[in-house]
Amino acid sequence: QQGSTRIIVVSHGQANDPFWSVVKNGVTAAGKDMNVQVDYRAPETFDMVAMGQLIDAAINQKPAGLIVSIPDASALGPSIKKAVAAGIPVISMNSGSDVSKGLGALLHVGQDEADAGRIAGAKLKEMGGKAGLCVNHEVGNVSLDLRCKGFAEGFGGKVMVLPVSNDPADIRAKVKAAIASDPSIDTVMALSAPLGGEPTAAAVKETGKSGIRVVSFDLSANFLKAVAAGEATFAIDQQQYLQGYLPVVFLALDSKYGLIPGGNVPSGPNLITKDKAAQVVDLSAKGIR
Amino acid sequence: MTDISHVAGHTPAEEIKKIQDERLKEVSFVTKVMRRPELGALAGLILVTIFFIATADPSMFTLAGMMNILSPASQLGILAIAAALLMIGGEFDLSIGSMVAFSGLIFGSFLVLTGWPLLIAIAATFVVAALLGGLNGQLVIRTKLPSFIVTLAFLFILRGLSLVGLKWATGGSTQMRGIGDKAGEGLVREIFSGNALEGLFSWLAAHDIIAKFPNGTPTVTGVPVSIVWFVLFALVATWILLRTRAGNWIFASGGDANAARNSGVPVDRVKTSLFMLTACAATLVAILTVLDAGSTDSRRGFQKEFEAIIAAVIGGCLLTGGYGSAIGAFFGAIIFGMVSIGLTYTRFDSDWFQVFLGAMLLLAVLFNNFIRKKVTGER
Amino acid sequence: MTDISHVAGHTPAEEIKKIQDERLKEVSFVTKVMRRPELGALAGLILVTIFFIATADPSMFTLAGMMNILSPASQLGILAIAAALLMIGGEFDLSIGSMVAFSGLIFGSFLVLTGWPLLIAIAATFVVAALLGGLNGQLVIRTKLPSFIVTLAFLFILRGLSLVGLKWATGGSTQMRGIGDKAGEGLVREIFSGNALEGLFSWLAAHDIIAKFPNGTPTVTGVPVSIVWFVLFALVATWILLRTRAGNWIFASGGDANAARNSGVPVDRVKTSLFMLTACAATLVAILTVLDAGSTDSRRGFQKEFEAIIAAVIGGCLLTGGYGSAIGAFFGAIIFGMVSIGLTYTRFDSDWFQVFLGAMLLLAVLFNNFIRKKVTGER
Amino acid sequence: MDTNAPLIETRDIVKHFGSVIALSGVSMSVNRGEVLCLLGDNGAGKSTLIKTLAGVHKPTTGEFLVDGRHVTFTSPRDALDAGIATVYQDLAMIPLMSVTRNFFMGREPTKGVWPLRYVDFDHCAEVTRDEMHKIGIDVRDPNQAVGTLSGGERQCVAIARAVYFGAKVLILDEPTSALGVAQTSMVLKYIHQVRQKGLGVIFITHNVRHAYAVGDRFTVLNRGKTLGTFAKAEIPIDELQNLMAGGKELQVLSSELGGMV
Amino acid sequence: MDTNAPLIETRDIVKHFGSVIALSGVSMSVNRGEVLCLLGDNGAGKSTLIKTLAGVHKPTTGEFLVDGRHVTFTSPRDALDAGIATVYQDLAMIPLMSVTRNFFMGREPTKGVWPLRYVDFDHCAEVTRDEMHKIGIDVRDPNQAVGTLSGGERQCVAIARAVYFGAKVLILDEPTSALGVAQTSMVLKYIHQVRQKGLGVIFITHNVRHAYAVGDRFTVLNRGKTLGTFAKAEIPIDELQNLMAGGKELQVLSSELGGMV
């Protein structure tokens, strides 16, 4: 049984979302390592109202620390302020680096989705991309929308958003359709390697066109293999394991010794290209990267 | 043989008395109460409550914890009660969830873009919603298509329009912020956001009757207005169903639209009004959450139509129409809300969340049913 | 007056002939065809096709484009046909989508963890699915709860178990990979993945009848097996519904379970079998997609139950049971697939995607209805 | 208003359902204080005809006059408002709803002022119990669902309802078919009383004795056409019996069974 | 098998629905080659009783014997398998399904070998048309939905079905209530034929003439209890009439209406 210190994490990503399941793995690991009790909570869909209520529920349980992601400062602000008022130390992670301090959080771990998109976009532009496609598997999920938006900004050229579902067959068909109807497309960005990246890479391969660059946010073993095989260009790694792991460590140390870092910790981005891909395949298959 | 006419040789009046004794078993008060569809869902709620008392952190059943459960339950519940009325009336509205997002956008735009005062903005939003609800209803009635497919189309259309509209209104973002600041203060705002009974709660805290923070403010500063709306709506809806002509028409339209029409019930008018009601309920939820959160985004209300139908069904509504109750939906929403928030008070790993949610829902409904059968002696 | 018996003074046989002339209007062949529920959805499909011919990139209607539309449509269609049969039988299965994910996990585990050969793994997965479907059915029948709520519980439970199971099987990831490699090659694999008729297509390409890449391979190397399964399933299901005893029992169970039971139809057995069928259809889709993608993840099949019901309803199934067709669901799935993929081929801004999806669905169904009414002269 | 005109008159009513021709030219009329019996074989079109009068179906062609004026009903409500109360063969009742709620469906009496206008269902339950008792049925509990009533009891609810709200024309489609002897007598007596009040009644039955007991005139339908109308004085009961059988050789059968049909 | 034992016998059957006592101790029996008429007021419990025999309801208490042996039916299928065919008052038909499909529902004849076993619906349609014609109804199109048939036509489908598949006991719950004169004669003639084949028939009706025409014995129910059983020889028709009315003072009413009820 883990120690009595209890830390609650409330994020906006469901436990079965591949990205967030890695965050959760980080949280769990840190809990074990630091010998504290950790609970990971998230609403069933991208739902700011429900997330606010989950934060309220967490506050009621008077944890030793609270870790939140802040995709919508207006909606979550009051709840976070309430936590701070109740004397609970709060660390924000993933999204909300710009508002974190203002709401009273101690610090922010992670990196803005838009920034990550911007960096990847700029890199692709540098590689000669002119017309881009952003494959969004959950339009309206603000963090995914921001990834697309950042990519478009960094890329500069023409960027079209392709709304798709979670279904690999659907994604493949739509990506093929988009490429067939717009031959100028030379860059395809997927927003999650396992959900969007793999079928996207497969689709691009099936079109038989060479010279289309496929990149994706997040990691998955198969996508990394595609990167290693040269079928995909790179994967954008936010190292979200850290977004789960570090805040727990910080809060545990804070509650034990009153130790806390003085500033925000950027966790990424980290572009995984052909040369590095092979090394991270195994870690990714275990849900660490 | 044969002359048996003396067997039933009483005057009619005497006879009635006799029959009542002869062909009716005595039923206990409990049986009578449990037989009401309104109260069937209560058994499930009790079971769920007992489960959480046994497994959850005690803070779940503090005053603050209860408010925390009731506030999402109340938002769902407002939708569920409207959905229940519509289901009793024999139709579905799958566009409720999208309507929450769309109304949020409309409301936000009226406040932020056109800068209308809060009261006008609210009224105008309700008008737009009622028109859209009416459109839904008229399409269902005129085309005779199942409402499932018509409102499904609106699920997509309104969700899509919310996205387009938000991007247009905000210049590219899918989130509109700062609505709270534009709403200003005043009576209207107090009706639609914040807490009710704040005075009472401060007084209670001051007299140490309820918990307070070290700084002296009570941990619960009042009853969130959404809960007040929820309870009021449940009462009014129950009254309408059980005590008014409109209620009888709703049951009749859902039970058998043809028979109702043949008996002179204005079925089309009833159904259209119910569609307008669900749209307005969605708008009420949108306004409550937008004022509360100060922002809206294109995913607001996602899958709420689904949850509302679940809550109504837990509460005993038949999917085929003609049977159900508003109070049932009331309890159904609380059960759903308690299960989904309650699990965060327990020590279960969140990976198991959905497994527990499913199992608890099934158990609650099974228990409802079991108790009702036990009590009423059905077979 | 009064003796009018001569008016109808024919022999019965003559009379019948006469009646047929006298009390039946002539109906054209078109009317007869359109009156079949099987073909109603065809009108919608034609409308949608015309719309896209007018607005979409011509590459949509090349051979490659058609395969591209049919391949997701076929996966949805397999689910939709099963859902349609179940809906005709008077029940819903909301757990189909979760069942896709769960079966994918089970199948993957049998291959990767226990290392069973492909055929055994497939057979074992179907057995597990059939058992789960049977459990669904038995719960619905024994508890007499609406199937909506029972299978909803399974929607959550199976989705949750998929996540837990995947993490357990992979040591922490939500994706299980390497399934494709373990499956090996051979006849069984060819039945469940890849393309059929590859020889024919190469030959056609070699003779320049169909398009090919510069390197000589055809742009379409064959018909994806999922399409073959889809067509076969539609044919078999139609045959069952229209030509067998089981078909009659399905219609009867859904039309009025009590009346059917009183006439000796084994309603409970019929419904349980249908639940097993939907679970197996979900498993078929899971196996097809898993072998195709080589991996499975916890989000597979998300909301497919919903889309399957949509396709069935577009195809003319009544939500209240007792009426519908498998061919209708077949066309319904193609309509849904064509609309959702087709918009990618047009120049519309993708933000409008959902608006168009909703509008096109509504139009297709309205058009179905309109044509059917026109042709059959209903009012 | 032309007081000599029949209460209800139809001229050459035609009704098609898709390819089925249910009525191919039916004319009939009902006068004040008269009981018109509508007779005919199964499937002759009697129910279709009265559903047209009651506003349920719109006639494909043909004229329909109330009090000598042409009317077109677009809904059963219109017919009710014009004073035509109907008992349908398929009863128009909601099985899941209580007897009381069914009884008052569409014509609930309200109390109080808007928005607090309500229906006094307790009072309604009393009325229902009384009316049902008048017809010879003792409802155990007026809040019982109609679906749990016996066939005859259900029929009685429909009849009691139509009679209670009855206006100037009462249409009864095989009201006595499921009724016991006592209940049947009650209903026939009702019809008699209603006629004496000067209302018109259209009475559909297959029982020649019931028809002859209360009918003033008999209109016979066959295969969707009017075969003729006969006053009671013009036709003896056994001839009416033959007429109802559609001219089939009934005597043979009847005698085989001892003349009891 | 005891050939002297009645085909069907019930002893003190009691049936409660929640708080409603529908049957409170009913005993009756049917012998080979006999028509038993079950008589009684509306709501007396006739339909409930025969539904218990047909396996639809389980009796709360009481014994039920077929061919002298105790049986417990758990579903209507059991009763069908035991050779009991029933026409229910509420018909047990699916409105959305065609006449043919309804006719053969639950007892579809199959052709071919599994898995290619199929039902020859064209042949079925012919059978249906023939059987319906025998009863005096000309079905336009056996593929027409039952929901579009007239009340009497629908009743005829149910009767024709039960007779066609009839086994050793035929139960008919108010089969003639919606039928025209010709069809009624046909049905009564059928009952007569069936009896002659040595089957047992339970016939429920409110029409004293129909009952007296074919019945051998008459069992009278009142308020869920057996009042007694009478052989035809023991009771003249007008006494039977009084019995059916439950002893109410019918004569008065009857004479008011010209003795025609």
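Structure notes:
By written order: A, B, C, D and E. Residues from 1 in each chain.
Following the convention adopted for this analysis, a contact is a pair of C-beta atoms (placed from the backbone, for glycine too) under 8 Å apart; a residue touches a chain by one contact, two chains touch by 3 or more.
On a predicted model such as this, the values are computed, not experimentally measured, just so you know.
Excluding chain A, the assembly's touch network remains one piece. Farthest from chain E, judged by the mean position of CA atoms in each chain, is A.
Interface comparison, A-B versus A-C: the higher number of contacting C-beta pairs is recorded for A-C. Remark: chain A and chain C have CA centroids separated by 35 Å (rounded to whole angstrom).
Once the centre of each chain is set as its mean CA position, chain B and chain C turn out to be 33 Å apart. Chain A and chain E have centres, each the mean of its CA atoms, that are 71 Å apart.
Residues of chain C in contact with at least two other chains: 19, 23-24, 159, 163, 167, 351, 353-354.
Residue positions of chain A with contacts to 2 or more other chains are 15, 139. For chain E, residues that reach two or more other chains under the stated contact definition are 20, 140, 246, 248. Per the touch definition, chain C reaches chain B in the complex via residues 139, 143-146, 148-150, 152-161, 163-164, 167, 310, 313-314, 318-320, 351-359, 361-362, 365-366, 369.
Here chain E touches chain D in the complex through residues 17, 20, 40-44, 47, 89-90, 136-137, 140, 144, 148-153, 155-156, 174, 177-186, 188-189, 192, 206-210, 212-214, 241, 244-246, 248, 250, 253-254, 256-258, 260-261, going by the rule given at the top.
Across the complex, chain C meets chain A through its residues 56-57, 59-60, 64-65, 68-69, 71-72, 75, 159, 162-163, 167, 170-175, 177, 213, 219, 226, 289, 292-295, 297-304, 340-342, 344-346, 350-351, 353-354. The touching residues of chain E, when paired with chain C in their complex, are 54, 56, 75-77, 80, 86, 88, 91-97, 101, 104-108, 110, 117-119, 121, 133, 138, 140-141. Those residues of chain B whose C-beta lies close enough to touch chain D in the complex are 12, 15-16, 19-20, 23-24, 239, 242-245, 247-249, 251-252, 255-256, 258-266, 322-323.
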